[in-house]
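Two complexes come next, and they have one chain in common, chain A, joined by chain B in the first and chain C in the second.
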Partner chain A sequence: EHHCIMAQRLFYPTLRNSLRCFGTTPGWQTEAVAVPQAPSAPLILNETSEIDKNVAEVAREAWIETLDPSGENLHVGLIHLHPKVFATYPRLDIIHENVVWQQKYRMVNTSHTKLRSEVRGGGRKPWPQKGTGRARHGSIRSPLWKGGGVVHGPRAFTTQFYMLSFGKRIMGLTSTLSAKFAQDDLKIVENLDMPSDEAGFLEKLCEDRCWGPSVLFVDDCDLMPRNITVATDTINHINLMPVYGLNVYSMLKHNTVVLTVSASQCIEERILHHLNKPDYHLINCAKCYNK
Partner chain B sequence: QDEVMTSSGTEKALSLLRRLPRVSIGNLGPNPGAHNEKRRGRGIYGGKTHGAGSGGSGQRQNFMRVGYETGNTPFYLRFSYQTYYKGHHLKLSYTPLCMGKLQMMIDTNRLRCDVPVDVTQLMATGLFSISPQQKEGGFMLENEGIDHFKATINIEVQWANEAVIASVERNGGFITTAYFDPLSLTAAIKPVEFFGRGIAIPRRMLPPQHLIDYYSDPKNRGYLADPAEVARERFLLAQKYGYELPDVNASPNKDILLERKDPRQIFFGLEPGWVVNLKDKVILKPTDPELKEHFAS
Partner chain C sequence: MIMALKPCVRQLGGVAQVWRCVSRSIAHQTYRITAGNTCHDINDAQKAAGPTSARLPRLRHTIPESYEKVEVSTAEWSYVERLLPLKSIPKPTGNPGEVMPSGWVVPSAKPGDYPYFVPRSANHMLPVYLLHKPILSKHVTSVKHVQGDIFALSEELREHLTQLLPSRKIINMRVHEPHQMIQIKGQFVTELKEFLLKKGF
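Coming up: the complex of A and B.
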């Protein structure tokens, strides 16, 4: 039994890679032919990340589903997710900071007020310094006057750009992934191959599985299979995203986040790389975790 | 498999989340006290003042110069010097590196042993920070852990005592003490940044007067000492501490162990005068005979 699982582990990745170009064929059917066991046996992906292997915490398990409902099993296999990426403490305040940052960094304020030098007029001294019983003034556009210039008012095209520290951005991703996974809003799918390219088909599929109205599909490669691309084209609340576009705001905006197996492995590898690299002290990561 | 659950805090938080509403953009907020709502002071009554009080010279920001003591000789002028810091600008301090820590770095693969270990390699571990501007000279090896030091390495540091030298040589390794002047040290500790500046690799300067004796002494394995005398001292030290000096010719890492830098060289494999272009992956070497003569001297 042990070497059968080993055989699966050896066969599965190579076949997966070779079938990547042909998006329409459901991969698991061909995979069933190669594996000596019965096709209904679940595939257990026990591969732990190369980077952070010796972790005392228990790995989280998730079903590997398929977008093809015609097969006998909804669940094709089981995947182990690294706890430091998918089961960290969900820092809601850091998630909030990330969301605020994503919204604000691209903001440019266009509100504008005039200074006393910019307001029309006000060059002449309104009345002599002494003699009239009135207060002394030099210009009718000084900030003291009605209609005068504004001293510390907004000035047009003030950028709100700032960069959140790298550690906080990493922590935002891990917290969001952990929160989504804890709330059953993170699904793992073996690939994005669908048998039909109709929008109705995909909507029915999502409804049947109680995936929230808005769904975010995340894949490793930015060239997605044809069927799902056509199906999601007209639906605005179901979106496709490559791994490099993964961000906290999008994950929270969509009710359900669906990762492909390769996408989840890519995310794990990248995040664990950044969490374990030796020059982390230069990127504020440690400071962030000690908070 | 020895697996324990995640820390109880995380477990509790994640299980709590399962019962709470979905985390969404409309649900989130900052931690209490994160956003400081400062109100701008306005006039004499509204809000806080701007730190100047009301009325008088203070509000008009008429301050005397810093240190002025209303006429008498101020403190900072009374004493023109203090003897306790005499020569502070000449004295170097070194980052201590225990032998135990060195062994741990090698065991955990944090420090590469397949190349000669020098300041650049030690800084590449990311565990130390050296600032040459603050009169720091480099690394010094400490005695802690010499008894269980087991690695065979070719190491170059800035200061080492006899016991440390013995512990390195006992395992078949080689130790050299070398001086780096501040500019060369800045280049050595952050080579990529240095190459990015696009200037020629400088010649390493010789040690100052009070240090030249140390680096010329074969007992300290100084880089300016005669290699023959260094070899003799190796033999004598082995006799003193009572270990058999391993034959370097028999070891498989002979080339790595016998690699030494020229006294004017900063990086292994790179000579002074060369310009390293990392972007185009090209090294530019001087062709002018005067320049060549200058850098080769």
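Coming up: the complex of A and C.
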């Protein structure tokens, strides 16, 4: 058991997965390391001493499950999840900001009002400047008049596009992952290989394990195995997603989020890279966009 | 050879315009470049053809003989590596509680020592910040990332500040538990940093 604990970062992708991936994973993750499973030695992943001990947050442990119910054990191993990604104190206000941003940035307002030049009529001076005793006017469609143009009203096709700051987006992801994990809605699975391609098989599997009505499977490769793709094709509430599509709205929309081991490692590596990089203060500066 | 397209307007009984290709250069003269030709020969040939706008300089791409010998060496890589920017913030070295020459103190407190815990920021600095609204006297000091019993820390801070400033009757504080932060009205950054360093955070 000691050699398992001291092993630095054991990767357990299958050879098939590593040959199929299109470079969403970094180079060091596509090594096909075949770990022979001895019945006595349990598979324990990511137990590193790199995690700072001077922090109140402790590394979280999660079972590695399998989508193949025919094996002896439901649980194939144990994985340690980094506390800075999966055990942060969730910021509800930032999760809300992320959800609102995801909904609003693609909105285009179509409400429209006419200007005084666009309202029909109003080209002629209604009465002479002087002599009538009435107020002076140049057109019957000026904003002062009933039926006249609107000065600062909505104009059609105004975009609601804006970008939330990078730090808030990162914090949104970490808060949502931590909240999901704390509420027992985050599951880790060794890979997405299923023995059958029937939709009923997958639905029964999710029901047996009490995975919520809607499930989001996240893998680090965007080409998913055939069986799960066929099974989820007809079911609208069970979805597949590659790691680069991970977002706060989808994680909240689905009851259960299921990550593969390689996906969780990819997410950890990327988020920790951004949290620990020395030029974090330059993220929202114009300099970065000009690179 | 320069080709110029000139519109040739012809009214063929009301039919649309016809565009005809007209070339205005040495199109009627062709010459072949043989192995013996040099730049000068070609230029002379062009000059002989007549004054045209096709007298562009001919580029000569030559590789001097000295560049052909290239020596590959990896002995100097360390000089390049030390100039490359860091990919992640380096971990500081030092014994817990040690004061560095710059004034930076290595944190020594562990999570179990007090009912609360205040970790350093990603840049290994104390999470005490000064917010200044655009009004002369509106300053707010905030302590962020307070884990554990935040109210216990707020009481200790209040005690500490009343000791330091006996003339001040009221100390306005906001304990924001969901955001793990304490806000104090006024400028107390140095006082709070000293307090936290004494505790070992």
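As a working rule, the second predicted complex is superposed on the first by the 230 of 291 C-alpha atoms of A that agree within 3 Å, B and C clash if a C-alpha of one lies under 4 Å from a C-alpha of the other, contacts with A are read in each partner's own complex, and residues count from 1 in each chain.
One rule holds in what follows: a residue touches a chain if its C-beta (ideal position, glycine included) is under 8 Å from a C-beta of that chain, and two chains touch if they have at least 3 such contacts.
None of these values were measured; they are calculated from a predicted model.
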Touching partner for A:184 - first (chain B), second (chain C), both, neither: first
Chain B versus chain C as contact partner of A:87, first or second or both or neither: first
Chain B versus chain C as contact partner of A:99, first or second or both or neither: first
Partner, of chain C and chain B, that touches more residues belonging to chain A: B
Touching partner for A:237 - first (chain B), second (chain C), both, neither: neither
A:276 touches, of chain B and chain C: first, second, both or neither? second
First, second, both or neither for A:137, with chain B first and chain C second: neither
First (chain B), second (chain C), both or neither touched by A:252: first
Common interface residues of chain A - those touching chain B in one complex and chain C in the other: 56-57, 89, 92-93, 278-280
Chain C-facing residues of chain A, complex: 54-57, 89, 91-93, 273, 275-280
Residues of chain C that touch chain A when the two form their complex: 85-89, 107, 109-111, 117, 119, 122, 147-148, 178-180
Parts of chain B lying in touch with chain A, wherever the complex brings them together: 2-7, 9-10, 13-15, 17-18, 20, 22-25, 28-31, 34, 110, 125-127
Interfacial residue positions of chain A with respect to chain B in the complex: 56-59, 83, 87-90, 92-93, 95-97, 99, 176, 178-180, 182-185, 212, 249, 252-253, 255, 278-282
